[in-house]
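To start, the structure under review is shown below, and the notes come after it.
Letters are used for the chains, namely A, B and C, taken in the order the chains are written, and counting of residues starts over at 1 for each.
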Amino acid sequence: MPELSAKVALAPPGTPTPKGQQQKGKDKNNAEAQEAKAQRKAEKAARRAAKVSEQGKSNKPPPEAVAPGRVQSQAKQGRTASGAGNASSGGGGGGGGGGSANSVGNVTAGNAISSLTTQGTAIHGTDILDKRVGLFKHLEITRRSGTADAAKDIHPAILALTLQFASYTVIGSSARCRATLRAFQTVIKDYRTPAGTTLSRNLTNHLSRQIDFLKTARPLSITMGNAIRWLKQEISVVSIDISDDQARESLREKIDTYIRDKIEVADRVIVQSAVKQISKGDVILTFSRSAVVEQVFLEANLRGIEFSVVVVDTRPFFEGKEMVRRLSNAGLRCEYVLISGLSYVLNDITSVFLGAHAVLSNGQLYSRVGTALVAMSAKRKNIPVIVCCESIKFSNRVQLDSVTFNELGSPDDLMNISIDSAPKPGPLKNWRDLPNLKLLNILYDLTPPDYIKKIVTEVGSLPPSSVPVIIREYNSA
Amino acid sequence: MLRFSGRIEAERCGSRLAKLTGRIIQVDTFTTEAGRRGRHIMALSESIPSTLPEDSVGANGFDIVATYRRFLQEDPDMTMPVAAIESLVILLSQTEPTTASELMDILAKAVAELKKGVKNSISLSAGCDMFQRFVLRNIQEYGDWEACRRHLVKNGGLFLERAKASRYKIAELGLPFIQDDDTILIHSHSRAVTELLLLAARHHIRFRVFVTESRPTEEGLSSAKTLRDNGIPVRVIVDGAVGWAIQKVDKVFVGAEGVAESGGIINRVGTYQIAVLAKDSNKPLYVVAESHKFVRLFPLSPFDLPNESPTASTFTTEQDDDEIQSNPLLDFTSDNLITALITDIGVLTSSGVSEELIKMWYD
Amino acid sequence: MLAAGAHISKEKDLNAHIEAFVAQIKRRQIQGSYNVALATSQLLLRVVSAARWTQIDQLVTQIKVLGKRLQSAQPRELACGNIIRRVLALIREESEDTNDSESGDGAINSPLITSMFSLLSTNDECGPNRQSQSLSDGTGRSIKKDLKPYIIEGIQELIDELKSIDESIASMGVEMIHENETILTPTPNSRTVLKFLLRTAQKRKFTVLVVEVFPNDVEKTHEFALKLAEAGIETTVITDAMVYSIMGRVGKVILGTHAVLANGGLLASAGAAMICQCANVHRTPVVVCTGLYKLSPMYPFDIESLIEVGDTGKVLEFEDGSLVDKVNVVNPLYDYVPPESVDLCITNMGGYSPNFMYRLVLDHYRQEDTTL
């Protein structure tokens, strides 16, 4: 596994330790300040790493994105493409590569800030295509490993965020949405309208290019999609009579309000409502980690309700570990089990609390892969399944199975058989040599509405069948 | 006598199970001869009955229905099939048939009379069927019907004792099903279930019991009393509250009036709805019943059972004061709702019941 | 005198051997139910060869005592007890056959199974100690024939059966798998399933989805996938969590098992219950491949006591000390799969529906041996 060793060896000195950074980056409680700080740190790390990699460039070929040929040709064209501000450049390989100091990154930069699942971030462009599992060939693997190919107009905040997404340092749909909006605030702050156009016209294009670059790390989450749609709408209605400074300031405030209303206040309302579902003596099961569910448990604990939590977790991210760490630090009684032991712990469970990546218009819950199994098993035992979810996660998409639309993770994540941050390649380390052997790593699955008793949102508790009603109200408002 | 019925067991096993089990059992030439003779007698018994005089049973003035009722009244511990068997034994002791077919005919007539005379005849017919099959089998295999009659008459009292012993055996087999801190739901009154719970209490297992009131007979109250008298904590709930209680219940035990060929059970009305609720909540439901309650019926719904309360499904616009009392007493619970049957011959699945019945009726 | 001495030293030998065996299974040095079954039957062969008895129930008691010891050494390895019970049944059968033919009257005092007629037959067949009584009744008479060679032959046959089990199960593969089918297996540590798939691959082209069953035996699991791929089978490894999302595309779920219980329920590797349930929800047939030695006469009264719990260090690394202290980590090794989740059990005696397993139990074991 050359990628692995290369990555470990090339980690630049002076970058913050992965663990510390990850914890800071993810801390919800003192979100604002911490987040900004982490963000700055990440940017700094990206820049530093770029320098280091420049030095080492001669003996290391630049990493390839999905379409290497295209990237190279664009790189030759320099920044002509970016100068045109082409809004419809698509999701693929991003802009051209440039040597300019502030935007260059490399594989090492990506890995420097990656922490949780560091392995195998660099993928050989050609063999992913051959080694994709038949059923999922329509899905793209878009995980990037560096920012060397980024166009000049991609803002450093976006570069840093892209790497954080790619390395799953920022993970979870609310967290990603919030981080994106914060990055956009910086982008807007630094944005200067070029001569001969207006902010309301040009800023949207500028943002689109940033978004396209973000997409090269991972597909947009539903929350990000909803937020971006809202932001573009807001930009388009900025009056041409006010100055750019005023416009920038007003957009910054609007984003603040949006984050506060749609995520922070929403979470608080959900917590207040969901905590009523917890009573003394309950044993509550949850899967993986959801920020809002975690807050519900912490609140119930603060209120002095005696209950315990069973956290079910799964490979390859082990997000539940973070959950169980926070809960047990708060003094909650916790049990930790991997999903294969689910039936063993299910007998004493009184209710199941789940988070969501998205809730689709047909009532299906789109969430971390494994959620459907947990909900199914609970339903079979007649244990109520409660989903906590902000309305920003509602999508008007419809979907019936987990195959048609999903996100593919790196297959190499499965080859690693370690349970902590140090990668440990198992017997499958040479899996690419066997043409018949494939590893499948999808990130989400779809839980049918009949497994879900109730969805707690900031606009009230509702059955899955009422999701389209909320979406309609939400869109008309 | 000992050798005689040991022989029956051996025969039964030898001729039928050898195929199933792959075991080789020493069977001498006698078997085939007996088998042939048996078939001959079968033919006889099928053709002759109608030629016998109508009053051959009534002639000695024996009232089988009254005998049956007296048995049940005198011993509250006696189940209906056993009462039926005991009544038939008394009948045999008072008659002196001259041929095998006459013996069979006397039995057939008495059984018919008993089934006609008793309203709730499913359970007793299980006993009657088994008794008739036993006699027929003996005659078929040995031809010595007189010996068989003598054996039955002589051992009359024994059957009752054994039926009681089999309840104890059930309790022993069922004991591991009850664990400390269990909340158990039982329905109405069943001697076998009560026996099991009492045994568990004697083994110092600590558990609680929900007992349904079980209208209209309110037999649940007597179960509750028995259990409480023995130090078991009980809560009596109305039948309608089962849905409320089921979440808190760990397992359900019910008795049975009869166990049908499919492994489904015929029991006190209300059992079916409890079973449906238990299935919905994924709680195990165990039937506790003696194997002599296996009956060769295959109902698909309660309307396939003998109709004991004809007015229950008529609708009126006027008030009917007997309405409650004319409710049906039995319902049918199909095998897919039953987790397992705890019987004196082992813990069985539904196919176990039908295997036993097939073996009994297979010639 | 000399002969007696030789006998004593032989006995010592055997005792040492038993001692070693008990230690081995206690420390899990013999792994997998197949190996345990084979080792147990070989041990019994030695025990029976060395044993001396005048009455058959002495031998039965001796083996029962041994069985009890083995069982308490490793209570969750049911294969051990199963083999003991099968040998006990074999001994009883041999002795009954002999009594039968020699006493001439042909009475078999202990019926194969009690049945509904027991209510009406004679007294001593229904008493609670009928079995033991009848056994001593039967064997109290002097035995003219030496049973030892017959019993040894029986055990030898049992060993041969064990050795050919995978072969006979694998041969049913073509009846189970059709061309281009997608198979999912949640028990990639099963030797039987591996042979089943490899053998079937000679006649059929199909795809196998291998579920990891993380964290136990994950190396074995991955090697399982490698072996399939090397044999030219299209193989995809998926994590446990992905089963639901892909079940809709699966033709059959094939699983191996640790033990089959009397009600047709199974003990299989952790996660199997959930995966079978998932198959049930998607109406995907669940096929179990198992050798008869895994069939246990036990009924799953207390499921939790049957499930072995493994090393929690495989779930949460010990260096994460602060967490390990505060959090209760669970790592069950097995799952109980209820019989209603299973559609078919393929054994070396053919395919059966799970609710017929009780019959196989009655065929191969004696009720009186259920508790050793």
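We adopt the following convention: contacts are C-beta pairs under 8 Å (C-beta built on N, C-alpha and C of every residue); 3 or more make two chains touch, one makes a residue touch a chain.
Predicted model only: the values in this text are computed from it and were never measured.
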item: Most widely separated chain from subunit B, with each centre as the mean of CA atoms; value: A
item: Most centrally placed chain - per-chain CA mean versus overall CA mean; value: C
item: Subunit B and subunit C: spacing of chain centres that average the CA atoms, whole Å; value: 35
item: Whole-Å gap separating subunit A and subunit C, where each centre is the average of the chain's CA atoms; value: 47
item: Euclidean distance of C-alpha centroids - subunit A vs subunit B, Å; value: 64
item: For subunit A, residues that touch 2 or more chains besides their own; value: 380
item: Set of subunit C residues in contact with two or more other chains; value: none
item: Subunit A residues within the subunit C interface of the complex; value: 133, 135, 314-316, 321, 324-325, 328-329, 333-345, 347, 368-370, 372-373, 376-377, 380, 401-403, 406, 414, 417, 419-420, 426-428, 431, 434, 436-442, 444-447
item: Subunit B to subunit A touching residues, read off their complex; value: 247, 280-282
item: Residue ranges of subunit A in contact with subunit B within the complex; value: 380-382
item: Residues on subunit C engaged by subunit A in the complex (per definition of touch); value: 212-216, 218-219, 222-223, 225-226, 228-230, 232-246, 248-249, 269-271, 273-274, 277-278, 281, 304, 307, 314-317, 319-320, 322-323, 326-332, 335-336
item: Partner subunit C, residues of subunit B touching it in the complex; value: 1-10, 12-13, 17, 20-28, 85, 130-131, 134, 137, 151-152, 155, 158-159, 162-163, 165-166, 169, 176-177, 179, 291-292, 294, 340, 344-352, 355-356, 359-360
